[in-house]
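First the structure, which I've put down as structure tokens, then a few questions once you've had a look.
Chain naming follows the written order as A, B, C, D, E, F, G and H, and within any one chain the residues start at number 1.
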Amino acid sequence: MNLSQLRSILTDLEAGRISVDQALDRFKLLPYEDLGFARVDHHRALRHGFPEVVLGTGKTPDQVAAIVSRLLLDNDNVLITRSGPEIHNKVREVAPEAEFHPQARAITVLRDKTIYGIGSILLITAGTSDIPVAEEAAITARAMGNTVETLYDVGVAGIHRLFSERERLSACRVIIVVAGMEGALPSIVGGLVGVPVIAVPSSVGYGSSFGGLTALLGMLNSCASNVAVVNIDNGFGAGYIASLINRKTS
Amino acid sequence: MNLSQLRSILTDLEAGRISVDQALDRFKLLPYEDLGFARVDHHRALRHGFPEVVLGTGKTPDQVAAIVSRLLLDNDNVLITRSGPEIHNKVREVAPEAEFHPQARAITVLRDKTIYGIGSILLITAGTSDIPVAEEAAITARAMGNTVETLYDVGVAGIHRLFSERERLSACRVIIVVAGMEGALPSIVGGLVGVPVIAVPSSVGYGSSFGGLTALLGMLNSCASNVAVVNIDNGFGAGYIASLINRKTS
Amino acid sequence: MNLSQLRSILTDLEAGRISVDQALDRFKLLPYEDLGFARVDHHRALRHGFPEVVLGTGKTPDQVAAIVSRLLLDNDNVLITRSGPEIHNKVREVAPEAEFHPQARAITVLRDKTIYGIGSILLITAGTSDIPVAEEAAITARAMGNTVETLYDVGVAGIHRLFSERERLSACRVIIVVAGMEGALPSIVGGLVGVPVIAVPSSVGYGSSFGGLTALLGMLNSCASNVAVVNIDNGFGAGYIASLINRKTS
Amino acid sequence: MNLSQLRSILTDLEAGRISVDQALDRFKLLPYEDLGFARVDHHRALRHGFPEVVLGTGKTPDQVAAIVSRLLLDNDNVLITRSGPEIHNKVREVAPEAEFHPQARAITVLRDKTIYGIGSILLITAGTSDIPVAEEAAITARAMGNTVETLYDVGVAGIHRLFSERERLSACRVIIVVAGMEGALPSIVGGLVGVPVIAVPSSVGYGSSFGGLTALLGMLNSCASNVAVVNIDNGFGAGYIASLINRKTS
Amino acid sequence: MNLSQLRSILTDLEAGRISVDQALDRFKLLPYEDLGFARVDHHRALRHGFPEVVLGTGKTPDQVAAIVSRLLLDNDNVLITRSGPEIHNKVREVAPEAEFHPQARAITVLRDKTIYGIGSILLITAGTSDIPVAEEAAITARAMGNTVETLYDVGVAGIHRLFSERERLSACRVIIVVAGMEGALPSIVGGLVGVPVIAVPSSVGYGSSFGGLTALLGMLNSCASNVAVVNIDNGFGAGYIASLINRKTS
Amino acid sequence: MNLSQLRSILTDLEAGRISVDQALDRFKLLPYEDLGFARVDHHRALRHGFPEVVLGTGKTPDQVAAIVSRLLLDNDNVLITRSGPEIHNKVREVAPEAEFHPQARAITVLRDKTIYGIGSILLITAGTSDIPVAEEAAITARAMGNTVETLYDVGVAGIHRLFSERERLSACRVIIVVAGMEGALPSIVGGLVGVPVIAVPSSVGYGSSFGGLTALLGMLNSCASNVAVVNIDNGFGAGYIASLINRKTS
Amino acid sequence: MNLSQLRSILTDLEAGRISVDQALDRFKLLPYEDLGFARVDHHRALRHGFPEVVLGTGKTPDQVAAIVSRLLLDNDNVLITRSGPEIHNKVREVAPEAEFHPQARAITVLRDKTIYGIGSILLITAGTSDIPVAEEAAITARAMGNTVETLYDVGVAGIHRLFSERERLSACRVIIVVAGMEGALPSIVGGLVGVPVIAVPSSVGYGSSFGGLTALLGMLNSCASNVAVVNIDNGFGAGYIASLINRKTS
Amino acid sequence: MNLSQLRSILTDLEAGRISVDQALDRFKLLPYEDLGFARVDHHRALRHGFPEVVLGTGKTPDQVAAIVSRLLLDNDNVLITRSGPEIHNKVREVAPEAEFHPQARAITVLRDKTIYGIGSILLITAGTSDIPVAEEAAITARAMGNTVETLYDVGVAGIHRLFSERERLSACRVIIVVAGMEGALPSIVGGLVGVPVIAVPSSVGYGSSFGGLTALLGMLNSCASNVAVVNIDNGFGAGYIASLINRKTS
């Protein structure tokens, strides 16, 4: 409840247009309603200036479609993460323009395609197995109004290949680096550029990679100072925070 | 070695002003020199557009002073982290304007005090014991040309206090949150704002806080999507990346 | 063996109604018998004043039905946890009033529906995926004679929603909070109320949530002092101890 | 801000006694003030119905005395944890009745000694080394208006000794059990009684006790259903939540 | 190669019955041969005085049968662990008296049924789910010539039941205790008796039981001094070492 | 309370020599008394057939002396672990024959020097740094009436040295092996002999030895079946259980 | 780009055969091209003097065949790891001489069968279950021009068997040891020989072997100084580095 | 005992120069003697072809001097690790040429300074704090007859500096890389060269570097195939195995 809403209620009260009890009632009119299985917060979009995000995991296609249908009343763009073709089929019934991105396992409904970003967001992966995580970040960033570029499979072992793209690295506003195994790539990228680097450990690896833990620890201990880290395989979070960093501030 | 330098060498060669061997020699003239105990990379400032940073830990006051003295030939600003009054005394001999910040355990030599930030950086701590880490972030951000605001000791148990500052939260460009114990504060702050949140786990706590590991894991698993994380007690890194996020892009 | 039983044996001995050897034999008549696959302790209900609980996992439907049948000789209420429809079908043959609760994966036979609680027990979850664990707690608490209320899907990211229910929070006698990921919700709830909070980490999450470990550690390090913790996904335990806290002490 | 305060502001506004802007200003008058180093929340006592608690660690004796002095304006009882004789000496200057409890490393100022508890709280330790943690719990519970009983050094190896006190166990309203090493005592106590058991892992042990982690894990996996757990060595938290469980309602 | 064999070779050499090179060759005649997929050490039985043990996991029924067939040339008894009915069917073709023990997932060929034990070995489990591990220990101990007794499902929550069997506990020569979850039972048994207790953590449990790790750590930190521990679910190892402890030493 | 004591009470009751209430009172005369700081259980020696053990850590010399003095009323032998010369000086005042063993940090009062063991106990260490742990085991075993032999510093790197002592290995009744670092020695010893091996991980090592954890895990996963494990640095426990294994059984 | 290539470009420029821009273009002709899904670095073979390696996991048979087809333009030998018969079938279409090694799950195309090694590489495993990992190392070493010998199933429990092969151990240039469970075998082998030992922890084991972690830690803490370690189950890496150690240096 | 020694004994026996018992006695004359506190194995040097190594930790200066004195009877070179000036002073009394290397905390007595290496060993560190570990490796490699080169402080953040030394990297026979924090440097070095890389994780770092564990895991998961790893801070081990790799094989 922001200041102007509050002032409006108080002014109505002062003017005698409403009683004290009616004022209290309006205070209680909280901005969410109950769909039975999940509360949809219509004000989150206003608050964040971004589309609504629905986590597909653990919801039936019908549940997702119902949520999406409800969200589109107040939002232009909706992003559904961790979903599949069954959900897509149901969502298309309520939003025919819904697109499915199989590698990212994401569905987007994008009615507002304005570019809100200052510059471009560059996505880098160490290997080919890291691409699905990077694609989730890419879909998220595009749904939030960003230009996205990619530079995949430029891992540490072939580091000279990264150097040849150095100019491209410096031209973007923020970089997302996805890497599994030892997770060293964000440190190297961070050492080459002067923009923020969002590091995403991936669960790619075996043995003592411990499902991404080794990559995660490596990234947290990066000797490059411009690296911040999100959870293992959290492409969505990386795309989200990179979009915030890249966002024009009026 | 950038393109224009390369072109200049090649042009000299083409023009016959230098021989092939001289061209090769100039390729080898790499931009660093050896002080004996640590290589000082003069080009890092150019590359990053930021002051040089010296880690005080494990170096003698004389070594730090020698490095600082050398760095000031090419840099306006120098930041020395994890240092103490002994180092400060020696550094003052080569840079009389050097300031010591006891809580942050940092020394700054700031000759360029231009503001390079778009907006302000807000520093929040959960408790009073988290303040030293936050102060290291604050000193770093100020040395990099930012306006810094602070909001200390507004932890989860007294969460209603955070709400009263909500407008202040929304007015800044990036927020740094330092918290120990369960590390929940960044999630809550993240849920309240639409700007990037850099979370710093602190080693404050006991028992199963495991020296900050619990806070670190909590922050990585934040259900707020605008949170990225740096290493335990890494105030410097948080200040550094927040400065990059806040930096004007011409 | 309680004091009155002991006194009765001794009195019989003193009165010459039994011999020393007969007294010793009666000492050995221990209060349990053997069903072959599991010992059923008929005295546990007397000791605890609560229904018998059967763990469904690792038992065949026939075994569960046999145990339930035996327990109902001496108990009014029986709760079967971690079970499914096959077990329910068999149990209904020996107890037609047996009810199956699919979300909680629990079966209840409730012949005594007296309310034994002082006040109500409030169940809160951070997300929709935490609901099955909460439902196990709810079923347990109801089987133990409590009034149960629920407030689901009010996680940290949308914390303002929790505030609007603050009066409801304060009106209950004990609160159970189920949360996965960073597990911060119990801390926030704990900071808002003055009643005991039982925190249940759920295994909801991915990557460095480590199957609920991160939530568990977060809850143990809560900066709210009124939070105690049970095992990951242990809805039953939370419902049980909350019932004990809420129990009238004549 | 509770409903009656809100209604009072609105009534003043409706009655024309204050303007809309004055109403907004009163909304902003938040119930805390700043002592410079730590915010003291005067309303917490009202909210919780309990004395204020000050963590001694990391504060100077003068800082603690200043906080205590301020708190005593609005509170009858103050508890200072993790403190020592130096702090005690300073606190006595502002509160002559302050008492120091060396084993618990706690200071209490108790002006209200009313008993608020339903029954008594029983404190059990496995060994003599666990007593300081138990004493912190005892001091906390007493400061919160409870009758406290103790049963120290009745560990698992000599379990027959616990049995002889079984009647005493059953007579209390809530039990706190402190144990290090394998942490099995809460399970055993839990199996003997029908009241809530708060388990406190202590850092007593060596080798693979890992500073209390083994005891903590053991307690979380207790096969007794009436056991909930707090952080390692967290005597204060155990005393606090036990007091809430034991508190008279209405 | 033992002393008498060595002396025999040397005596032959001294007597001129063999040459130096023949002596060297006999030294090299090492007591094993190669079946292609696994080396069978015929001398292990002599060395240990016990039957041969074959690990079924990762071998085809034909491979196991071939190994068993070869072993029975020099051994009376063979034990096959971690096996199933398919292996049993094949083994019966080479050893018709082979018995399959489904709960223990073990096969035994016992031609020598002499009792080699001093007293009896008692097997205790905390719950019914621990029985398969205990049965593997029982089968092993019987195959090694021991009298085995069992006392299943006497866990910590119902500790009074254990007390009624105290005389039986004291009458055996060594006790094996299998327990999952918090793993407290060996400590309690250890406190009641004066014989060695072999503790076997089982992987029974969920959440923070971490597949038996919690039980393992609990057992290693037992405050009873007569407890030694083997690997998680290692019923075979427990039965083996208990048999060695119980072995008559002529 | 054993059967004969019980029968004696019952017989007195039957004979009219005592009343029912007197019988109940005698039941309550539990066999321990309170010294204020620690309960001394006089019956433990009877129960275990072994001397009393006092843990020196965390007790003042005066407290230890008082406990020892009390114990010697009913026991011949007392062992004080984890102690030093200050405790020794005080204990000598109540027991002049008390001996201090500096390497083992143990004090013994041995009035009964009967040999109760079947054979000898052999102590093996991998390195010289493991000797203090082995000596604690040796002192314990001697205090419990065993003949002890030692074979120190025969680690894995020089494994051929172990082979030359093979006959000595086979001649003992039970072997204790202390090793740090990778903890492989118990596996090797176990493979050479047919007697029980008690493995003691020591905290000797650095880096990823993690204070003995690596040795502990290695020993638990030994491929020799005759190895059981005790806690890190737990020489006392190893000596205790080895003594039980070696004990004559009437 | 090596010195001679650079000199050649510069000489062409100096001679006026190319312009500055043409020189820059040739600098940019980086030695890799894009197949769409993975970048193939043709220069890696030159740089390393070894065949190209393709990781089969996560690639379709068609993708692998396309990569192999491209690689064979510039390379004699190709090794495909972690693959199966489906990949083999497709690869045979582009390289009929491709061989599949089922135990190692590897495919090799070997057109150059020159021996590049100084001596032989010896492969040792502790058990039969470790053989697949060892075979991957063997295939790798053979593809890199080495003579490979094997000594399988000579684990710690039967250590005397290892001794009989001691001369064979000493005759090779480098040894690879694969072991699971406690991972002690590399220490023992290391103590017997004076050549480098590459230790490979395998995921063979159960319970507290933690998927190879225990073996890994054991090997890292080896008391033999000639042991270095690679990742769990990393047979390929062990074969690769052993080949480098064994490589003739002109 | 090697073959020629054995043949010599047997030949003496065959020739009647010794009896069977004398032959057995000579077999028993094992090649070590007892100094009381540590067994010195004179044959280790013969076996390994390298100097004797004494671990200084946990030994008194007098003990070290006695061991060194004894070793120099049969060895030319002795290396004492983890020692200090006190030990050096004592060792100089028995070996005046003993040199102390303070950074490496090592003492060397080098009477044989022959170069046994094929090429040179290159030592690289990521930072200045890693130098002590690298120096221990350097001292070890020099004591084993190698030419050693160093390239210190070329960490990941300044990776372009490493590239300028690429020719030097390729010219050596084996590389040792010491790095703390994220431990990424060995991967990068490994990707640049075709020689074996021995990676040494250092305990340099803070927070989630966990005393070198993060660097260790990163190195084990290196995507460069020519990297093998030793224990945290194990400079000695790295120098030792690198020397074996570099050793001429006649």
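In this text, a residue touches a chain if its C-beta (ideal position, glycine included) is under 8 Å from a C-beta of that chain, and two chains touch if they have at least 3 such contacts.
Not measured: the values here are computed from a predicted model.
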{"item": "Pair in B-C, A-H or C-E that repeats E-G, with over half of contact pairs matching by residue number", "value": "C-E"}
{"item": "Selected interface, F-H versus A-H, where C-beta contact pairs are more numerous", "value": "A-H"}
{"item": "Chain D and chain F: spacing of chain centres that average the CA atoms, whole Å", "value": "39"}
{"item": "Chain centre separation (chain A, chain F; CA means) in Å", "value": "60"}
{"item": "Cα-centroid distance, chain E relative to chain F, in whole angstrom", "value": "25"}
{"item": "For chain G, residues that touch 2 or more chains besides their own", "value": "3, 158, 207-209, 213, 216, 220-221, 225, 231"}
{"item": "In the complex, chain E residues that touch chain D", "value": "126-127, 155-160, 163, 181-184, 187-188, 190-192, 205, 207-210, 213-215, 217-225"}
{"item": "Contact set on chain C toward chain A in their complex", "value": "128-129, 153-154, 158, 161, 164, 206-209"}
{"item": "Contacting residues of chain F [partner chain C, same complex]", "value": "3, 6-7, 10-11, 13-14, 16, 19-20, 23-24, 27"}
{"item": "Complex contact set, residues of chain F against chain D", "value": "28, 30, 32, 37-39, 41, 44, 57-59, 201, 203, 211-213, 216, 231-234"}
{"item": "Chain D - residues contacting chain C, complex", "value": "3, 47-50, 53, 118-119, 167, 173-174, 194-196, 198, 216, 220-221, 225-231, 236-238, 240-241, 244-245, 249"}
